[in-house]
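Same chain, two partners: subunit A is paired with subunit B first, then with subunit C.
This part shows the complex of A and B:
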């Protein structure tokens, strides 16, 4: 059972940093998801862990072993590729047997092992077929099976579900979670750009942007306590409304002025406000789920007058883009009656659910979940970075 | 006459002219072939195209003694040179396709251009070298022939290896495969159509080569079939029937290889299903 540790890992490509000072501890047996928009360095980080890329700087550990210079084949890892990477010239059985054969594992147990894995993944009837004769979902299972045959310390997955259709993706997602629960000894690192996948699958989720690790937290903490505007917007759908506002303190109470109304947020910020925060302009984050037609109950902001522009039915709820003064916000409206375009609605937000961010650094002003990352690069590296 | 009619007439005229021209070219190509076939089964063949006095006597004549031995020499020469060129070519092509090599593009250009260097430029110095080291025999000549086809073979195979997805190699490396295992079990099977095409090119290049063996092979009992055909014509009264029969036999491997290669190209890559489309 092995954890994983990235220690100050950098990856430079032609002078620009694709991964900057990555420090990440993954516990043994944990399922961690690296998530971020394309180009954020998540796949590069995974490939460095796999040994397919060499870090420009820093060390990578699997368990207590420094694997930075260990060849990829000796790291005791398995990887599922986005493209599946099945050998098209071999049938499913030979695809599964490829690894054990090149590692010269005993042949006697191989058959039984392949049958066991094939049964687990329900691909036993496909063993004689070539990859070309399989559907997308079946190929996915074979790729998974090939990784499972090894019983690795670390299981790496690079967007394994992104080539499947929506229904199959949901099904495979559930199966992967079940599989992880069965193989609880294996540490999983899963890369995706899909925040829903990240939130549903990961014990913890690491959000990356432009090569920088912004926040590592459980799904719940990421949603409740985003450390920056980016994480706030990236996690959750529809994305968080980010609005200009003003924070003011008077005595014990703390209020925020946003969307033309003033709301008391004393309870929200009590004991959590970061040091040095003073009255003044801030960015206020309000999730669409926390912005709804005013009911006048306690904990709600005063009513905000808004007009419906576009409404999107998502099944259980309707999310509408609304205009209020100069701002446009997305709010949650009831399903019936269906809101019409141009209809006027009085909105209110839950004062206890607002997020406050610094206007310049875009970092959260509330204390939970702020990123702990080095502010400057090691001297030799920062010279190389353009 | 309406413009539409005029247009149709133009098309008909143009297509008739095209067919006539192609037909004329076709005849130019087909007549020698026809002569070859007819003369080979004609007991009294001459240089003219005529209805044969049907007989297999010509084939019986040429498939004996030194003529048969020359065919065998051709097989040895071509198989050895093809094997050397294809095996070394795969390694070179793999390295050029996958490894970071300084000045790779100029190097590739150099390789491509060197495949076009006329043999006449090289043959005298090579003869000098071979004769100094006592190498004017069939196997060193096979080596030299493999070198002449190597640049084009490397270039052709490199393009096919380029098309093998890198993911497959990485997957194999993660499983613990060595570079040689990756090459043998993943890259070579998938680039096989290209490797086969390159090998066929090399084989045909050696098989039909006249000048190189003529200059580089001293012993008459080591000389390949093209020299035997050439020798037929050096006597005052050539046996046209024998020439035709021998030439026809000489063509057979080339016909077979070309039909195999065209099938290989039609089948194309077998990559389907390995990686996403």
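This part shows the complex of A and C:
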């Protein structure tokens, strides 16, 4: 069992930093997902861990061993590439057997192990075929099998599902999770640009942007406590509404003025407000799930009058882009009756679910604080990861 | 040829029949297409097949360039063949040809792969400059290449000056080696281009995957690069063989087949017999042997290069 540690790792390409000062601790046996938009440095970080790129500065550890200068083949890792990288000139059996053979592992047990892995991945009937004769999903399984044969300390996956169609992707996602549960001793590092994949699969998720690690947290914490506007918008679909607002304190109560209404957020900020936050303009984040037709119940903001512009049916719910005053927001509307374009709807948001960000630094003004009292959060997550 | 009709037992009718004919997967051969191919066939027959047949016939006659047999000549059956069998110069020439082609193949392959893999890692401007120079050497007429190599490898030439052996005549001391080197030099550009293109087609992630598996550089080359380059390499081998066999000009300029018969490859010997010794018929017979050799290479080339079904 070994964890992984990045210590102040930088990677420069032609003078610009692709990865800046990456510090990340991955616990042994953990499934961590690196997620971010393309060009955020997630694949470069993975390749540095694999030894396919050398960091410009900093050290990388696998377990207690400093592997920064260890050749890739001696790091005891397995990697699944985005393109699968099967050896085109070998059939499936030889693809699986290649690693053990070059490492001169005993031949006697090889057959049995290949059969075992092939059975696990349901590719036993394909052993004699060449990669060219396989479908995308089958190639993906072979690539996975080739990585599994090694029984490595660390299992690296670089967008392994991105070349599959949607249905197969969901199926393979579930299989990867099951696989990880079986191989609980292996540490997994998984790179994806798909936040849904990240939230479903990772024990923890690391969000990167422009080579900077923004936040590492469990899926739930990432969703509930985004540390910055970027994370708030990147995690969750449809993405969080970010609006200009004003925060004001008077006595014990704290209110935020946004979308033309003033809502009491005392309970939300109690004990969680970062030091030095004073009254004034802020950025207010409201998730579409927390913005819905007003019902007048407690905990809701006063009603906001809005007009439906475009509504999008996602199956379980309807999300609509609405116009209210100068702002456009995305809100959750009932499925029946489906709101028409131009229809007026009174919206309200859940005051206990607003996110507050600094206008200049875009960082969250709220600490994680005591565990949230919201009870409906897990339901929201489950909708995210449909 | 045949238009498929609807399978029996299905609802047949004129409409269905017509629909069936619009299917794009039906056999679309039409006899009229033969007419369109006639000019090409005609040219092939007039310019290739008839002269070939005539050359085969000539090889079995006693035609000479001058003398009585140049006027009154005729079919002599297998006489020339038995002469060929006992002609030690012919057998020497065959060996020399084999050495020349074999050496060229090895050299062209190794040098081409070496240059191509070096250029893969080179900076773009370097790739353009080196690639350009090498291609120029390939485009250079055999006469120019031959003159250049002749001048550089004889006594007082560039090669001797460079390695401090000004008084050695390399071309005289190792004639077959030098002409083979010259041939390799002139054909490496082509093999570098072809092998370079094939190298760029090898997925880099497959190589990286092998690195992750702890395969050594040699194992990666042996198990992945080489098998993927195989079809390209075979094509290079066969094309080198064919082009070397036809590279009359280079050797004629450099040594004219000498000294002795040291570089006397078949095309030179054929020319020698036909036009120096005036034995037109015998020269044609040696030419036919070359045609046979070339056919073997050609058939192999077509088989390897043809897409597999």
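Note that the second predicted complex is superposed on the first by the 368 of 386 C-alpha atoms of A that agree within 3 Å, B and C clash if a C-alpha of one lies under 4 Å from a C-alpha of the other, contacts with A are read in each partner's own complex, and residues count from 1 in each chain.
Throughout what follows, a contact is a pair of C-beta atoms (placed from the backbone, for glycine too) under 8 Å apart; a residue touches a chain by one contact, two chains touch by 3 or more.
Quick caveat, the model's predicted, so the values are computed rather than measured.
Student: Once both complexes are superposed via subunit A, do subunit B and subunit C end up clashing or fitting?
Tutor: clash
Student: In the overlaid three-chain picture, which partner chain does A:163 touch, first (subunit B) or second (subunit C), both, or neither?
Tutor: Touch status of A:163: first partner only.
Student: Which partner does A:86 contact after superposing on A: first (subunit B), second (subunit C), both, neither?
Tutor: Both partners, subunit B and subunit C.
Student: For A:78, is the partner it touches subunit B (first), subunit C (second), both, or none of the two (neither)?
Tutor: Both subunit B and subunit C are touched by A:78.
Student: Counting only touches as set out at the top, which of subunit B and subunit C does A:130 meet: first, second, both, neither?
Tutor: It touches subunit B, and subunit C stays clear.
Student: Is A:302 touching the first partner subunit B, the second partner subunit C, both, or neither of them?
Tutor: Touch status of A:302: no partner.
Student: I'd like to know which partner A:103 touches here: subunit B for first, subunit C for second, both or neither.
Tutor: After superposition on chain A, A:103 lies in contact with both partners, subunit B and subunit C.
Student: Can you list the residues of subunit A that touch subunit B in one structure and subunit C in the other?
Tutor: Residues 50-52, 72-74, 77-79, 81-89, 98-99, 102-103, 146, 150, which sit in both footprints.
Student: For a test of understanding, state which residues of subunit A touch subunit B in their complex under the given definition.
Tutor: The touching residues are 50-52, 72-74, 77-79, 81-89, 98-99, 102-103, 130-134, 139, 146, 150, 163.
Student: Would you pull the subunit B residues touching subunit A in the complex into a rising list?
Tutor: 165, 167-168, 170-178, 181, 185-186, 189-190, 270-276
Student: Per the contact definition, I'd like the list of subunit C residues that touch subunit A in the complex.
Tutor: 203, 205-206, 208-216, 219, 223-224, 227-228
Student: If we count contacts the way the header does, which residues on subunit A are in touch with subunit C in the complex?
Tutor: Touch list, subunit A to subunit C: 50-52, 72-74, 77-79, 81-90, 98-99, 102-103, 146, 150.
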